[in-house]
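Alright, structures below, take your time with them.
The following pair of complexes shares a single chain, subunit A, combined with subunit B in the former and subunit C in the latter.
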Partner chain A sequence: MITLNKDHINNIKTRNFKGKIWYIVFISSAVISIVFLSILILSIINNTFGIIILGLKYNPETVSPGKPLIKNSRDELIKLLNDYSGIDDDFTPAMLKTLNNEKDLSLRTEKDLYMIFFNNVLQPEIIRTFSLLESVFNKNIIIEEYNLNKDSYPILRMEFKSWLNPGLFINTQSSHPLLSGIRTAFFGTLWMVFLTVLLAMPLGISAAIYLELYAKDNMLNRLIQVNIYNLAGVPSIIFGLLGLAVFVRMLEPVTSGQFLRFLFKSGEQTTLNGRTIISAGLTLAIMVLPIIIINTQEAIRAVPSTLIDSSYGLGATKWQTIWHHILPYSFDRILTGTILAVSRAIGETAPLVVVGASTFIVFDPVSIFSKFTVLPIQIYQWTARPQAEFRNLAASAIVVLLILLLTLNLTAIILRERTVKKRV
Partner chain B sequence: MEYKNLKKRVRVNELFINIILFVSSITSILITLGIVFELGKESILFFKSGVSILKFFTSTEWQPAIGNFGILPLLNSTLITSLIAMLISVPFGLFAAIYLSEYASDKVRSIVKPVLEILAGIPTIVYGFFALTFITPVLQKVFGEDIVEIYNMASAGIAMGILIIPLITTMSEDALKSVPKSLREGAYGLGATKFETSTKIVFPAAISGIAAAVIIGLSRAVGETMIVALAAGSGPNFTFNPFRAAETMTGYMVRISGGDVGYDTFDYNSIFVIGLLLFIVTLGLNILSRHIIKKFREVYD
Partner chain C sequence: MSDFKTDKYSVELKNLNIFYGNFQAVKNVNIGFKKNRITALIGPSGCGKSTVIRSINRMNELIPNTRTEGEIIFNDFNILNSDIDPVEVRKYIGMVFQKPNPFPKTIYENISWGVKINGFKGSRHKLDVIVEKSLKDAAIWDEVKDKLHHNALKLSGGQQQRLCIARAIAAEPEVLLMDEPCSALDPVATLKIEDLMMKLSEKYTIIIVTHNMGQASRVSYETGFFMVDENKTGFLVEFDKTEKIFVNPVNKKTEDYISGRFG
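Our next item is the complex of A and B:
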């Protein structure tokens, strides 16, 4: 019989104490991990809104009383341009004439005219931007900064700006942060994702069907399977290198669209090299292919064998069984896996930098042979700029990207839940 | 009665489908071959053009302009950023996994796990932005602006660590969860405390899965690109000081290919050489992790 002496009892106390300490360590690790990630989200929101100090030469309200400047018609804008040319040395009538000679003012779009007026007459300059936290808690510094610059600008404004605004979706890239937007990048992302899904989904599903339902257990098939697992772990930038060497360089006549040149109107949007949407789509399709294959294989494995056996028992051929029973049954799961792969593709930056996303384009993509940029690339370029106001733009583009991804992920989760409910 | 018609008949349609499916699955092999071939071809061109392999792996200077090609500065900063990332992600990720698997109630787990999965899906460019606009200023405040450069390896490493936490947590939690209940009950029966059961029984039993998670995390860190491209600085720099700017292998590849690089130039070939090295390292790590899972997995019935 064991008798507990004093040592044992003390021992239990220290052991329990040790356990308690470590429990605190474990739970705080979990909490800290989530706190880290919350700070990440909050720091982005913090950069999306905030006070800006803006220097202007003229007050837009007195220039165009009653309505916002951008709402003016073409004739009104031309009249304004004529009125304001010559008021100071920055915008002389001669400059307006040069612009008119480049392209007749009456033939230009309203937006074009607005931008001329904006850049040459109003000349807004962002003196400093503040984050949301600074705007709320550091009012003194902002007012100090405001007073410091008061005499250097004819009009100095301090306003609260949401960088996430409708203009972000309407405007293309621009060297002026107030006129910059993600329009081109947003359309680029849509085109590219569409292509990626179109290419990767059929290929991935077919490969998964082969591996799960046709492949015999031999060397070759085992090699294919191991190879797919390994490909899923290859860093994305390597796929970019493959894309650069094969799609951009080797297949240039195809991916630049030159072989179809007679079909397209030659315009500024098309390029003469292979740095096009189709190259990007192909590269990302290759990148997400292993993920789609693995997810589809899991989906097919979850189909109950009774379903398959009864189909065979009724005399269906293998393909009939797959087409009428296995695929419909597992379709929700396949779709979920594909959505997750697509959200990976949407957020991917590195391979597209390597494949050659454009650094500066202002035209919406018109075909798969257009030059392109995508949301993450846009975010990268804005973040890499030294000016703080472009960081604010980057933050607002990140919000758009995250909302896009969250929507996709929620769709996947809802699909998964629905499947579970249906089956039970 | 004739039974001849019941013989297995070759269905042309099905055969055709069979071939299509087979070709689809062969694509993955072609992709791998394509990667190996292209990276290999450009690497051979690189070394043929007069760079000695020995110097490539031993020289501590990377100055293509004057013909100095030493991979060590790039390799060194890749290792330092990855090391910092692992120092952050392994303890936090593992402890969080132990908490989720051994201590947390089902309700907590059912909330935390999906949150972690969604957070694992945040694009790395966002973490790069975070490193540059949040972590670096914080580091500068803590250690002083003259010690911490605007671009530095530490902030990139920390951001990478945060990125990898969800990966390590979810993979390790799966490994811990799959340890059978009977082991835990046996330990309790012998008088072990919950902490002792978790760390001395469950943890060793799940060690293969946990090791695999850590190795996969390391492979992610080594191949991670956008965070280091934004936050670690551009320009190779052979330094062991984490607060200084130093370009990593992936950062170099992004910088060089970001400007329109001409084909068949030194720069063009060099990104493929570095790519090949990166490919070999990450492939090795991935194979190792799969090997560990297979070889050292304890099977309990």
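Our next item is the complex of A and C:
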């Protein structure tokens, strides 16, 4: 029988009250985190879309009626260039002749011809860009700005622009925001991540297997273990300095690809120094190595000892036990850990600045010995520019980077779910 | 029972001393396990009976810093000899553990894996035969024959333990070590395992560690009683026919333990 003592009831009330306070603390923490995350995403989206006011010398629709200018064939573009040369002082026939002398127009690519037309004839100029929120809620300012500039440009356009468009992936870097894209950086990131995974994953997993399952428990191995834990916490720029000293400078003959020069046709090589994809890949691989090792060790430690016992008990060798039971059982965790480590590598900027990612580069990387740039560096470079349009570009590049990271993490989750399902 | 139940030893422990680092876990154990008999090892927790049984197939060596001294004679060999590979020993001396621990694979694979890793190179059909025979011998065939390719972890605890027994005997060992095989099971499942053990003893020498004295008295032919001394080192107090141990033990400590006065 419960005695309904008054003190006792009050005591329960106090205890429940304490729990309630903590509950409020926890829920508000969660809410605050979500709010900040939403603000971040909103501000990126806000800059990715919006109305722009564009001044043009000629209307592309009258220049190329019926189809977009860029869809024209080479011959049509050459004809257009010839037609429009001399139409005003900005683009004289003499200028076209100079261009033709530099490289025969009929030998140039469509894109090249389009750019010449775009830059010299149309001469588009972004007068002002507006964010998504301004575009939706502040129409008056936009119209005011439009009217203000109406007389200064032959053709003034007000259009809604998504900065995240296919052109972003087609165009390389350019000084003109309308022709700028992340193509080089995107491929640079893919190359670099591919190399990082290729180098760090087998090395990290193997090292972890040795340390966890083979290494004896002695002073040396304990020292190594402590060092690995410490390395995982070292700031990434330190790894960049290591990469600069070792891969870029010391191993320059290797990382610049000069030792393989006999394989390349002369002139094909784009760089003669060590600031190449392989240097970046090696640097980032070393950076994520301790993380992968620790994750893998923890995954292996989580394998139940009953499973290991039953394998040995049936007369399996150590290797059979590792290969048939320990690795399959811990595979999903190893994979998740590795993918998370690689996500960190994708977002890394500091060590790559030191290792020498190029800030302005227009060639796609073609081999591990190419010069390169990566998305975070591209984003950084764009945000540092004074023109507002480049910030819109940066926002759209951030969206691409985030999608890339989310895809990777989603892959990790799907793979994990699949292995878990297979197990039970 | 038939006449092949001789008094010949299958496994013989001679002056067995086991150390974990500097700590001596077991001292001076001398036991002969008779062929095709069930021998039970009983005693309070921490008295080293699990250590002893795990040393018979050299599973103890998996724990770092373990040292085993003395002799374990099996088929005229001292299997503690450094030139004998523990992997080889475990093929002939199978083990069933306290917690049912089937592999997270199908029922079929649970049996076939142990056969395959030991170098089986026969046809798929031969493997099917081995799987069926092992499951029948472990008295679980009727329950699982329709779901051989289902995950073994979906079976009940008792079924899982019988599967583990099937898995152990698929490798055709001579000795079966059982380390508290029923401690995680309910009484019905326990009885099934005990029946199975009696049946299996016609083919195998069985050594069982148990906390359940009823179980020891029901199934075993001989029983060894372990205790710890003041240094927490386990030692064999008494070893004799089970009836003798339970009805008329020589040692006072054995009598106290059997009658439930401590432990």
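Keep this in mind: the second predicted complex is superposed on the first by the 379 of 424 C-alpha atoms of A that agree within 3 Å, B and C clash if a C-alpha of one lies under 4 Å from a C-alpha of the other, contacts with A are read in each partner's own complex, and residues count from 1 in each chain.
Just so it is clear, a residue touches a chain if its C-beta (ideal position, glycine included) is under 8 Å from a C-beta of that chain, and two chains touch if they have at least 3 such contacts.
A quick note: this is a predicted structure, and the numbers were derived from the prediction, not measured.
Enquirer: Report for A:Val246: first if it touches subunit B alone, second if subunit C alone, otherwise both or neither.
Expert: Only subunit B; A:Val246 stays clear of subunit C.
Enquirer: Touch check for A:Asp309: first (subunit B), second (subunit C), both, or neither?
Expert: second
Enquirer: Give one of first, second, both or neither to describe whether A:Phe169 is in contact with subunit B, with subunit C, with both, or with none.
Expert: neither
Enquirer: For A:His325, decide between first (touching subunit B), second (touching subunit C), both and neither.
Expert: Second partner only, subunit C.
Enquirer: Under the stated touch criterion, name the partner, subunit B or subunit C, that contacts more residues in subunit A.
Expert: After superposition, B is the partner touching more of subunit A.
Enquirer: Applying the document's definition of touch, where does A:Leu340 land relative to subunit B and subunit C: first, second, both, or neither?
Expert: After superposing on A, A:Leu340 lies in contact with subunit B but is clear of subunit C.
Enquirer: Applying the touch criterion given at the start, work out whether A:Thr317 contacts subunit B, subunit C, both or neither, answering first, second, both or neither.
Expert: The answer is both, since A:Thr317 touches subunit B and subunit C.
Enquirer: Just which bits of subunit A does subunit B share with subunit C as contact spots?
Expert: Touching subunit B and subunit C on subunit A: residues 317.
Enquirer: What does subunit B use to touch subunit A in their complex?
Expert: For subunit B paired with subunit A, touching residues are 11, 13-14, 17-18, 20-22, 24-29, 31-32, 34-35, 38-39, 42, 91-96, 98-100, 102-104, 112, 114-116, 118-119, 121-130, 132-134, 162, 165-166, 169, 193-196, 199, 216, 219, 222-226, 229-230, 250, 253-254, 257-258, 260, 263, 271-272, 275, 278-279, 282-283, 285-287, 290.
Enquirer: Help me check something: in the complex, which residues belonging to subunit A touch subunit C?
Expert: 216-217, 304, 306-317, 320, 324-325, 329, 423-424
Enquirer: Per the contact definition, I'd like the list of subunit C residues that touch subunit A in the complex.
Expert: That would be residues 57, 59, 62, 64, 87-88, 90-91, 94-95, 97, 99, 101-104, 113-114, 117-118, 151, 153-154, 164, 167-168, 171 of subunit C.
Enquirer: Residues of subunit A touching subunit B in their complex?
Expert: Going by the criterion above, the answer is residues 15-16, 18-19, 22-23, 25-27, 29-30, 32-34, 36-37, 39-40, 43-44, 47, 202-204, 206-207, 209-211, 214-215, 223-224, 227-231, 233-242, 244-246, 249, 286, 289-290, 293, 317-319, 340, 343-344, 346-350, 353-354, 356, 359, 376, 379-380, 383-384, 391, 394-395, 398, 401-402, 405-406, 409, 413.
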